[in-house]
Amino acid sequence: MTEKNIIELKGVEKRYGSFLAASGIDLDLRQGEFFSLLGPSGCGKTTVLRMIAGFQEPTQGAILIDGQDMAGVPANNRPTNMVFQSYAIFPHLNVANNVAYGLRGRVPKAEIDARVTEALEMVELGGLHQRGANELSGGQRQRVALARALIMRPKVLLLDEPLSALDKKLREQMQFEMRNLQQSLGITFVMVTHDQYEAMTMSDRIGVMFDGRLEQVDTPATLYARPCNRAVASFIGEMNILPATVLEETGGMLSIEAAGFGRMRIERNVNATDRARDIIVGIRPEQLEIKADKPADYPATLKGKISNVAFYGENIHYHVAVENIDKPIAVSVPNYFHTVDFNRGDAVWLGLQVASVIDLGKERKSSQREKT
Amino acid sequence: MFKPRSEAARGYALSSPATAYVGFLVAAPLVILITYSFWTQTYVTLDKTPTLGNYRAALSDPLVHHLMLRSIWIAGAVTLATVVLAYPIAYFIAMKARRKTIWLLLITIPFWSSYLLRVFAWKLILGFNGVMNSALLGLGLIDEPLDFLLYNEFAVVLTLAHAWAPFAILPIYVSLQKIDPSLLEAATDLGNSPLQRFLRVTLPLTVPGIIAASLIIFVPTVGDYVTPALVGGSDGKMIANLIQVQFGAANNWPLGATLSLLAMMSVGFVAIVFVIAGRGLGGRIR
Amino acid sequence: MRLQGIAAFALATAISTGCASAGGADLSVFDWSGYEDPGFFASYMAKYGNEAPSYSYFGSQEEAFTKLMSGFTADLAHPCSDAVRKWVAADLIKPLDESKLTNWADMLPEIREVDGIVLDGKLYMLPFEWGNTGLIYRTDKIAADAVSLQLLADPAYAGKIAIPDAASSAYALASLATGNGADYTNLSDEQFKEASDFLRAIHPNMRFYWSDAGQLDQAMTSGEIEMGWAWNQSELNLIWNEVPAAMMRDVDKGIATWVCGYVHLKSSTTPDEQVYDLLNALTDPVSGQYIIDNWGYPHSNAKAFEMADQANIEAYGFSDPKSFFEGSLFFDAVTPELEAKMLAEFERIKAGF
Amino acid sequence: MKRPSLLVIYAFAYLIFLYLPVMFLPLFSFNSGTIVAFPIKGWTLDWYRKLGEQDTLIQALWNSLGVGAVTALLATAMGLFAARAFVRYRFRGQAAAEGLVMLPLVIPGIIVASSMLVLFLFLGLQPSLVTVTLGHTFLALPFAVSILKSAFDDFDASLEEASYDLGCGVFETFRRVTLPVVAPGIVASILVTFTVSFDEFVLAFFLSGNQPTLPVYIWSQIRFPAKLPNVLALGSILLFASAMLLVLAKYFQRRSTTRDV
């Protein structure tokens, strides 16, 4: 990965009539990174991808690829290639002809053959040249789509939900393979997904979108540790949200009064930009300790009652009902040796390290879509 | 060049050759028809004074009512017979047959011979000492040739049910083809017998195909005048024969135009009622 | 590739339509099909580079009239005498110049005086061929002395008869059957009612109203029907196919005669000389002999009758043309009012009203 | 499993129903009589032998083939664009446009025919094979549109996008992706529109000049039955040839799935 920007989006907006599919998108993608656009369905992430590909023109703003303004440049003349959600394997062509599609007529025949073989080897489909399009499994279709795009040697590979059609096992396998492929090729990958785990495991950086707006762009670790607001925090992993009041701000620290846990000093989250006296804080379920007796070595503790238990295998989730807090607090405990074992109705204590409390800034009330 | 035009603009651009072509060629006949229907003609002289006389004459004539009703009744019978006969074969091809294309081809080939010749052939089969009667006589099933096979409404219905076969099979086949197999499995899973499953899932889902087939058959049949003339016998005449006479022998284009417009309106009305009823029925099956 | 080939061919065909070559084919004739037989106009072809005129076809006079009224153009057309008045009234045809018709003097005298081809003293149609419309019956089912027009109404023949789906022909039959044949072109109200009643009386017996001769021939051959009001052409076809059938040729029992010929259309663009060359070729005795011997149709030229095979003339039943012209009902244009009445009433009768 | 076997029996019975009338055409083309009725007078090959001499008949056949081919191409081409527009795009007045294209099915043939003749003459187009082709295209268009619409219904829009994405322009994409993928629909449309034109009589009668199409010729022949057996002979040959053509088409269709595009 270098610091050179391969794609720059400047104030990009896409409007359909009065509907804003995407607005105010500013984004720089670096040469050789694996970037994911993450968000719930309908958040505008696919629109952004299709604007980069050239299938849709922004109604405002500019898209630059490798420093060149792409305004008016049709999809077929852009140095990008795409893996479609449906894979769009040409049903009338066999594997080799599907992969060779974009080269045919532009590159000598011998070179095409060599590159097709190479591309098929790369996606581990060697020898399947003559296989018909309708005789492929889901995973094979995905690989053909990948080979067909990569053979064009694009500057940027765009992937629209490339794994959503595959079953869980295959999906996890492909996540690693695609990540490895991307690193060995050094090409920038831009992937659209609604699956946070997929985005987290594969990407160098993730852009989280809600309601047509790009909320936060960061590495997976930062997104997890320092989400900019409640929406991002809840979308990436699970998060207990508690209201809190800022009593004092000094240096990088906030003194707050959090519901249930009382006073504490936490780190000020630089990503959370909306400041106010009343804020919300987030606590990851796995950052809470659960004990039968009041834990002694925690600065903040809370008493509650188990309202629900869910067994996940590698860990156990408890919902703990606490007085004066609306929603039960979720706690996730690793399943070491069945050391902890509570049942519904048991009275428990929760312990909290202050360092793991995340400042999420002011609670945002309404959706941002109406903003123009 | 890909893009920058809007979706609607491209929709207009692509569909305009067809719509403009049909629009122009439909508008002209309609304008001519409507104009003529307000004129009068005696012998070869055209009186261009606008009048509603043709409409009054046509609407008050019991002959017109009779022929109109008979046309609609015959066209209805033809449509029903064709669709009912065609449905199982479309079902067979879509659901059971292994070589679908071969079957579809087999169904199209007979229609590559001239329609007029096929009608001739039907007369051979249904005729007095035709194939059917000879066979029945030979088998000793009857003593005298049956004469109710040809030259009546039955012959018209049979001939047209044959002629329209591919136009019924194809749309129904297409709608059957589109049914997701998992829907049928779901119905079975929910406890339906094959027959229930057919009545509650397959049939309602093919209603669009049935409606399309029915319209393609019903509408032109009302306007057919060749088949009734050839195999309809003495009581197989339809409204189109009367229209044909006005445009031909009687040389009364204004009355012919009036009758055509009335026929088109009746057909349109029946077709709309049919489509609405069909949709309603399709939606009501639980 | 294959499709491109077809398209290229079709385009070539389409273009070649637009530019017909000079010569005999410049002349266009609007005709019944079959009349493009080169035996009919050998002398014309000899004069015009061995090229036949271009023919376009109609299936009935009414179709031809409708198409001409819609603006279709040609040089000559081939209607029958009963249509001429309407065609003149509709301003479709122009008078012929008798002095240019070289065979005019040799025509059968009766034919030259046929009603309806001369209007206001002007000749509008050059008669070409003629024939009968009469009752054809299966000789193995009905005895020659028992057959009559009235038999059509006999309930014993329910479903065994057919008449043409044409009002004028049907009323000709009905006028003959009711004894009013002589007044056919000008039926009184009472006579018209009698004729209509007769048609209503035979309607229940009707197997079908035939719209083409082939339909009648087919049904007559198979035994589907035993009697039918039809053209002499059907009789010939049945004879050739060895079907035991004959036309009732007894003038007293009722038979009709028709004459057809060529008219000069107003839309004609070819020089008159060439038009008349074809007319003269068609009425040439050699053409007449050819049509009598090969087609079995009586021709309009008297000399042709002398030249033709007399055995054929005998077998086909027109050895005594005079008796037909005197004793039979002659198809002529009925008055427009009567024609309209016939058409309207016939539609009702066919519908069972 | 009793039901499927009943269905199979029905399917074959239906095929017999479809083929029964058609089988009599070849039979009577060997009949020495000129009337198409039982009993058969005698057997002969004359009608086939004399077929070559029937210039007008042969010319009528060529006319019909030419008109049918051009009609099939025009109607399918216009239908292809229209069907694509109707399936892929949403625009104001779309329902009206779709209804309009189906109208030719509804108007009685005789009316369309006579008024089209008036119209063409008004436009200065003399009756000819060109006017017949224009008329037939009008009549065949609804069939083309409805067949191609169902072909596009199953067509995944992202296939075309994939092609653009891989560097192809509009025309190349159309040729290499759209056309081959909807090819079965196009073939069906060409077959059906050709059949519609090849068998059409009323419009052809009104709009043809001195070059009749086959049905126009046959119609007049039925009135003068002397040459009808020639027509039957020709019909039998056509039937056989079209069956062969379809078999060939099927063969090529199967091969085409593996070819380079």
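For reference, chains read A, B, C and D in written order, and residue numbers begin at 1 within each chain.
In this text, a contact is a pair of C-beta atoms (placed from the backbone, for glycine too) under 8 Å apart; a residue touches a chain by one contact, two chains touch by 3 or more.
Model, not experiment: these values are computed from the prediction.
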Chain centroid nearest the full-protein CA centroid: D
Leading chain pair when contacts are tallied as C-beta pairs: B-D
Rounded Å distance between chain C and chain D, as computed from the means of their C-alpha atoms: 35
Gap in Å, rounded to a whole number, between the CA centres of chain B and chain A: 57
Centroid spacing, where centroids are CA-atom means, of chain A and chain C in whole angstrom: 88
Shared-contact residues (touching 2 or more other chains) in chain D: 36-38, 114, 118, 164, 169, 219, 222
Contacts with 2+ other chains: residues of chain B: 1-2, 120, 123, 127, 129-130, 247
Residues of chain A whose C-beta touches two or more other chains: 54-55, 74-76
Chain A residues touching chain D - in the complex, by the definition given at the top: 53-55, 74-77, 80-82, 84-86, 88, 90-94, 97, 101-102, 104, 106, 130, 132, 148-149, 152
Complex contacts: residues of chain B adjacent to chain D: 1-2, 7-15, 17-19, 21-23, 25-26, 28-30, 32-33, 85, 88-89, 91-93, 96-97, 101-103, 105-118, 120-125, 127, 129-131, 134, 162, 165, 170-171, 174, 178, 194, 212, 215-216, 219-220, 223, 225-226, 240, 243-244, 247, 257, 260, 263-264, 267-268
Contacting residues of chain B [partner chain C, same complex]: 42-44, 62-63, 66-67, 120, 123, 127-130, 147, 150-151, 229-230, 232-237, 242, 245, 247-251
Residues of chain D defined as touching chain C within the complex: 33-38, 41, 56, 62-63, 65-67, 69-70, 73, 114, 117-118, 121, 126-130, 133, 205-206, 208-212, 216-217, 219-228
Touching residues (chain side chain D, partner chain B) in the complex: 3-4, 7-8, 10-11, 14-15, 17-25, 28, 36-39, 78-79, 81-82, 84-86, 88-92, 94, 97, 100-101, 103-112, 114-116, 118-119, 134, 137-138, 141, 145-147, 150, 153, 164, 169-170, 191, 195, 198-199, 201, 214-215, 218-219, 222, 231-232, 235, 238-239, 242-243, 246-247, 250, 253
